[in-house]
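Pasting a structure below so you can have a look.
Read from first to last, the chains carry the letters A, B, C, D and E; within each, the first residue is number 1.
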Amino acid sequence: MIVVDDVHKHFGGFHAVDGSTLEIAKGSITGLIGPNGAGKTTLFNVIAGVLPPTSGRVTMDGEDITGLPPHTLFHKGLLRTFQIAHEFSSMTCRENLMMVPGGQSGETLWNTWFGRKRIADEERALRAKADEVMEFLTIEQISDLKAGEVSGGQKKLLELGRTMMVDAKIVFLDEVGAGVNRTLLYTIADAIKRLNEERGYTFVVIEHDMEFIGRLCDPVICMAEGKVLAQGTLDEIKANEQVIEAYLGTGLKNKDKLADA
Amino acid sequence: MSETIKHSLMFAFVGLLIILDGTTSYGIFSGTWNSALGILNMGLVSAIMALGVNLQWGFAGLFNVGIMGFTALGGLAVVLVTSAPTPGAWSQGGVGIIIGLILGALTIVAAVFVTKNMATGKPRMLVLAAILIGGFFAFRAVFDPAVSGVEAINPALLGNLGGLNLPVLLAWPAGGLLAAGAAWLIGKTALGLRSDYLAIATLGIAEIIIAVMKNEDWLSRGVKNVVGLPRPMRKEIALQEDPGFMETVTSLGLDPVIASTLYVKIIYSLLFTAVLLALLWMAQMALKSPWGRMMRAIRDNEVASEAMGKDVTRRHLQIFVLGSAICGIAGAMMTTLDGQLTPGTYNPLRFTFLIWVMVVVGGSGNNFGAVLGGILIWFFWIKVEPMGTGLITFATSGLAEGSALKTHLLESTAHMRLFTMGLILLLVLRFSPRGLIPEK
Amino acid sequence: MDLLNALVALTNYVMIPAVAYGSQLALGALGVTLIYGVLRFSNFAHGDTMAFGAMITILVTWWMQSVGINLGPLPTALLALPFGILGSMALLLVTDRVVYRFYREQKAKPVIFVMVSLGVMFMMNGLVRFIIGPGDQRFADGERFIISARDFKAMTGLREGLAFKTSQGITVITAVVVVVALFWFLNRTRTGKSMRAYSDNEDLALLSGINPERVVMYTWMIVAALATIAGVLYGLDKSFKPFTYFQLLLPIFASAIVGGLGNPLGAIAGGFIIAFSEVSITYAWKKVLGYLMPENLEPDGLVQLLSTDYKFAVSFIILLIVLLFKPTGLFKGKSV
Amino acid sequence: GGHAKEVKLGVLFGFTGPIESLAPAMGSGAELAMAEVTKSGALLDTATVTPMRADTGCIDNGLSTANAEKLLADGVNGIIGGDCSGVTGAILQNVAIPNGMAVISPSATSPGLSTMEDNGLFFRTSPSDAREGQVMAEILQSRGIKSIALTYTNNDYGKGLADAIKTSYEAIGGEVTISTAHEDGKGDYSAEVGALASAGGDILVVAGYLDQGGLGIIQGALDSGAFDTFGLPGGMIGDSLPANVGADLNGSFGQIAGSGGEGAKAYFAMAEEAGFDGSSPYSPESYDAAALFMLAMQAANSKDPADYVSKILEVANAPGEKIYPGELAKGLELIKAGTDIDYVGASAVELIGPGESAGSYREIEVTNGENKTVKFH
Amino acid sequence: MSEPFLIGDSMTGGYGKGPDILHECTIAVNRGEIAVIVGPNGAGKSTAMKAVFGMLNVRGGSVRLDGEDITAFSPQDRVVKGMGFVPQTSNIFTSLTVEENLEMGAFIRTDDIRDTMEQIYHLFPILKDKRNQAAGELSGGQRQQVAVGRALMTQPKVLMLDEPTAGVSPIVMDELFDRIIEVARTGIPILMVEQNARQALEIADKGYVLVQGRNAFTGTGKELLVDPEVRKSFLGG
């Protein structure tokens, strides 16, 4: 569905993404892992049109989408979340969700003056939808709070909630799990799976929690230093020497010392 | 609920100030309706400007500090729409001016085209330079003699192209359109800038607009001013000479001079109020709709709004053009009220920052706040002078008569005006730091 | 010879004035940029702070002149400068205590601060005029020229003169010294870094043990010094008049912004860009070309790209062009 | 006509804003005349004359009209003002004319105001720019000057005057190498000086204000050695200029409205005694504006504009006994006695057709750091 | 039982004039111990940390450090008292370079900080490479490392970390936990909030579960880890 072809992204002399080539199959839930600074988020940003690539091409369903602005991509069904939550902090959580769907007739000035009936109907539906999403994410109690005044984890959930407001084709999730309670995270994993199975969404998931990746993703791509290091099922990846060395590590060294104490 | 009452009370308070000014001459009040309505009228115009700025800043977070430029363009529209065409101006050079301007525009279009369509490198630089330099000289060659031609026609009284000789009320929407057109051009180039960078860019553009209006005499006589612009109603003098009017007035037992001046002012008040209410309603409806929500989202976080499918650039342009158009309309109304266009009077303090004070004191992001701030701050702008005088008289009352300090202070009374303005501004912002009617 | 004459004319009418004016703008812009960098708002009262500092200096200078204290060839005002700095420090610290601190505690938005500074500006505006009046004040003394046009002509035998005023010399030297010092202070000293840290993230600064009120106090003190120096040098070179100082605010802001707000180097660069574009774009090349071209080709017209009516417009156009390519100024400034 | 004991005159100048440094001396001038009359007790059966100051900001139409309304509300019998032509137009159109209030401006010099339909309510004690242009051209010619560079303050006064000088001077064969504007109140005039220097010329004529941009231009031109002689129209004549510039100004020359110098000299002395600078621009004209009001009121035996406006031209012009500053009491007595007077005042007032000063001029040369009158025109 | 080194004792309070978010919440840590707070999102974990650090209006209860009541102290004063804190969000100076961030961590220290800085670079090698880069340009995980490094630079007497491992890769997380254990063993108490709760509780001496601003469960790390209720509700089964 998405093909990333030899994409480079340089910041000054630094090659954050350094010739990544990968493919995301339609209907898959692809995991994207790799050490901090591997270039995962940067790659997301290039695909989602936030950053122009230094070179390379991105296509979606065969169409060249390199350098298209994010809002155009959104309307093509490409959604993403942000690693560092980008909530609309002065708006309520519900408004954060309700603003998402595109093409609302109330977004046209003319209608705000002369099409009030239609807007009211649409708003009712939107509101119901937003409430449903919040309930699912167990954040219904914060629906009327300003998004800037909720906990770190709740912001991340809100971030995720926005992608659930519309019918997307492909959703890029950048560490939705960081800071989210594990029990809830696994519930979310189930939801993602359901969306994937029932509605055919494609997902690309960056996550450092191997258990979460394990529950969801196939295939898993591991990046390091801007390049694709390995690709395969999670088990294959976990067994890959390079991946272990660069990313997974071998566990706590001090654990035994702790036990001694 | 109590909020609503509180805010209504504030409006009532401002209304009361105006009424007091009309009825009592105690303290800072003047005690004539002429003065009170005069303040109200400019207050209404200010409120409309504040509404425009609030649209841009309060809704979309665009730091436009070029209000002065748009107001001036509105004023220019009045001249261009209402004044009579200067006899002979078109044959003496008017056509040349238009051709020159078209040449200039073509040069810029060509330059932009080349920049966009040629690969970067030396050839592009050369072509670009050739176009710009060639275009500039062609422009000057056509434009300069044409301008001298027009400006030579009775320079002390005319020397400009003149206008379309249309009714003055048409000039208001025309002012809006002119400002909107300029805003569109500016927005296309400068809206990529953020916060204070956009501010200085718009400030600069406003200065450029004023510079053009001051120095291009063929347009609207430059610093020589255009006086005696037409009005949407009869002049007071005409009324005083109209037997019908006089009859009504005397039968009502009114003073004819006062009646005629009030008549004019009341008509202005009604017209301005109508414009203000219409714009306020539109702004309010827009704010409370998904459109307003989208705008707030954009203001809040542009990156996220982009990712949520909102075309931030386009929306910014839309609101920038709208807000500026409103300022243009207000500018045209103000010039109509003044009856003259005096480019030298446009300065940023009065026409940009004072409006900002109105928006912020009123409560940015809230349309009613902007309107309240507009009228209230204008009231103070006029009344700080007597207030300042009062303050200084009070401050010096303890001093010995004829003491050097006292004389010195009394002589400097004029400077109490801005001093008092500052004091009021700080006091209001101290007691309601988010504005009188803050955004919810 | 003609080439020399042309060069001298260009230096005399473009280079020297632009460098001096640029330094003056730069000094003013440094203050603006510092407040923006640390306290995160555009301070409209800066022009009037400059006027206030200069005013105190002038009053002290007058007193010194009256009792016969002087610096020989250098202006007495340099001796009085420390008093001016102290005076404006006192004023700014009091203003901060009485006015700005409240809004800091409220965590008010920058635009509120801007409006508050407008209020402060109005009040300082009145204060200065109360004390010294709205008129022109002269306080320069000492040797007026390092080299005057007449002397230069006599010395070199050229037709064109070259004038270099003492005040211009002092301005340029001071600007260099102040910038180097400020740069070193901000980037190398603990206090300087803590100021930048505070401006970046107030809460976190708190968690690092930085005392915010201290940072703010230092900032105002430095700003007071900068403003006074700028105001005095400007007054020495041109003249002191409160209204002009207010008008200076615009080019000063333009300088700070085009250079990149919050960046001292940017303030300097910006000052020179604005000054040079004001002075050079509208320059009439007639004289210079007259020297350079053969007799029969000497230009008839003024050979002026644009008339001086548009000098501000031109400097703003240049500013716009810079911003279009570098949206946060030449040196990557901040934006709030 | 009422014989109430109090006459109120509005003094409506830009006490704040671009000409805030000129306005105080103008205000004091007007008030000096009022004090003189009040003290004499000769006006309308010992009426007192009270000045009421208000601000125009020089460039703020809204403020000016509001303040004019306020003055009216306070019951003034005449308005001295406005100062800058722009706001003066606004005051006239929006307040004075509709209300039938008489206005005498000491300083609004724009020709545009001449043709305004003013119902005979508007007068000016400052002469027309066109006239001064002629005079200046003659002076330049008589001094054998072949070419001038010209710069003007960018407002209707400066522009109008510069146009007038240029036209007249070129008509008699002089060359104007450049005519360029400068903005008042700005910091730096190097660009203007550079352009002027490049254009060259025997002298530099500065049609500006002596404590505004004009001073900056002269200073810059002297410092850089661009020009060493300057032509100084009325706005540039005043003691502060030689004082501020110093010896370098010696030899520069110009002209200012005023005849005989007698009136002006008397006025300067009076001003000095009162503690302000009478030679500040438009200060004499302000005194005269106030004087005209009071003399006309006396002549009409009324303080109602409707009655006295027609008398303004009468008291201002010949025939009649000449009245100089400090002699207002005498003037009032004479009028009361039915004798015709010709008010000369501090600025040699002579009003012509549309109610503006005809303007005779004295030629000034700066010698030994002082403005010396050398000739009359 | 002796008084813990740092205790927030039955704290009640909320943000500004808003409703109470903490209700009689108690958290404490002893010298050389690691105490971990877990709980659902929005439970008030971060709020409790902030309350202990004096960034909140505590309406009831008290905070004591080493026996001294510091409830009324300002945050800076607590820093001077030796408390170090890494907040959950905006925990770095984005416009300062990595190295300057670390220097700011050591702001109140007057001794030589170079050794400590080397230690940090040793712990997070990536930061050494990026030492002259603005911290705002770092990746999410790198920022987190800077934040923790900053707090370690303080050489605090007690260290409070709000989700230090959020977004860091497994290998760095292991390193980080190792380092935390080391620090704790030098006698410095560590109070941290974690969503990687299982790993955190494994190394914890004491665990708190907060729910809706109240203490729901308290016990040793091990106890909580084996508690089926806690596992199911908060640790992801």
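Of note:
The rule is simple: a residue touches a chain if its C-beta (ideal position, glycine included) is under 8 Å from a C-beta of that chain, and two chains touch if they have at least 3 such contacts.
Note that this is a predicted model, so its numbers are computed, not measured.
Separation of chain A from chain B in touch steps, taking the shortest path, is 1.
The minimum number of touch steps linking chain A to chain C comes to 2.
Distance from the centre of chain E peaks at D, each centre being the average of the chain's Cα atoms.
Centroids built from CA atoms put chain E at 54 Å from chain B.
Averaging C-alpha coordinates per chain places the centre of chain C 35 Å away from that of chain D. Between the CA-based centres of chain C and chain E the separation comes to 46 Å, rounded to the whole angstrom.
The distance from the centre of chain D to the centre of chain E, each centre being the mean of the chain's C-alpha atoms, comes to 76 Å.
Residue positions 214-215, 415, 417-418 of chain B each touch two or more of the other chains. Here, these are the chain pairs in contact: A-B, A-E, B-C, B-D, C-D, C-E.
Remark: chain B residues 57, 63, 189-190, 192-197, 199-201, 203-205, 207-208, 211-212, 214-215, 348, 353, 356-357, 360-361, 364, 408-409, 412, 415-423, 425-426, 429-430, 433-434 touch chain C in the complex.
Of all the residues in chain A, the ones that touch chain E in their complex are 11, 33-38, 40-42, 83-85, 138-139, 141-142, 149-154, 156-157, 175, 178-186, 208-211, 246-255, 257-258, 261. Across the complex, chain E meets chain A through its residues 15, 18, 39-43, 45-47, 88-89, 126, 137-142, 144-145, 162-163, 166-175, 177-178, 181-182, 185, 195-198, 202-203, 232-237. Residues 25, 30-32, 34-35, 38-39, 42, 155-157, 214-215, 221-228, 235-237, 257, 260-261, 264, 334, 337-340, 342, 344-347, 350, 378, 381-382, 385-386, 411, 413-415, 417-418 of chain B touch chain D in their complex. Those residues of chain C lying in contact with chain E across their complex are 190, 193-194, 196-197, 199-201, 203-211, 334.
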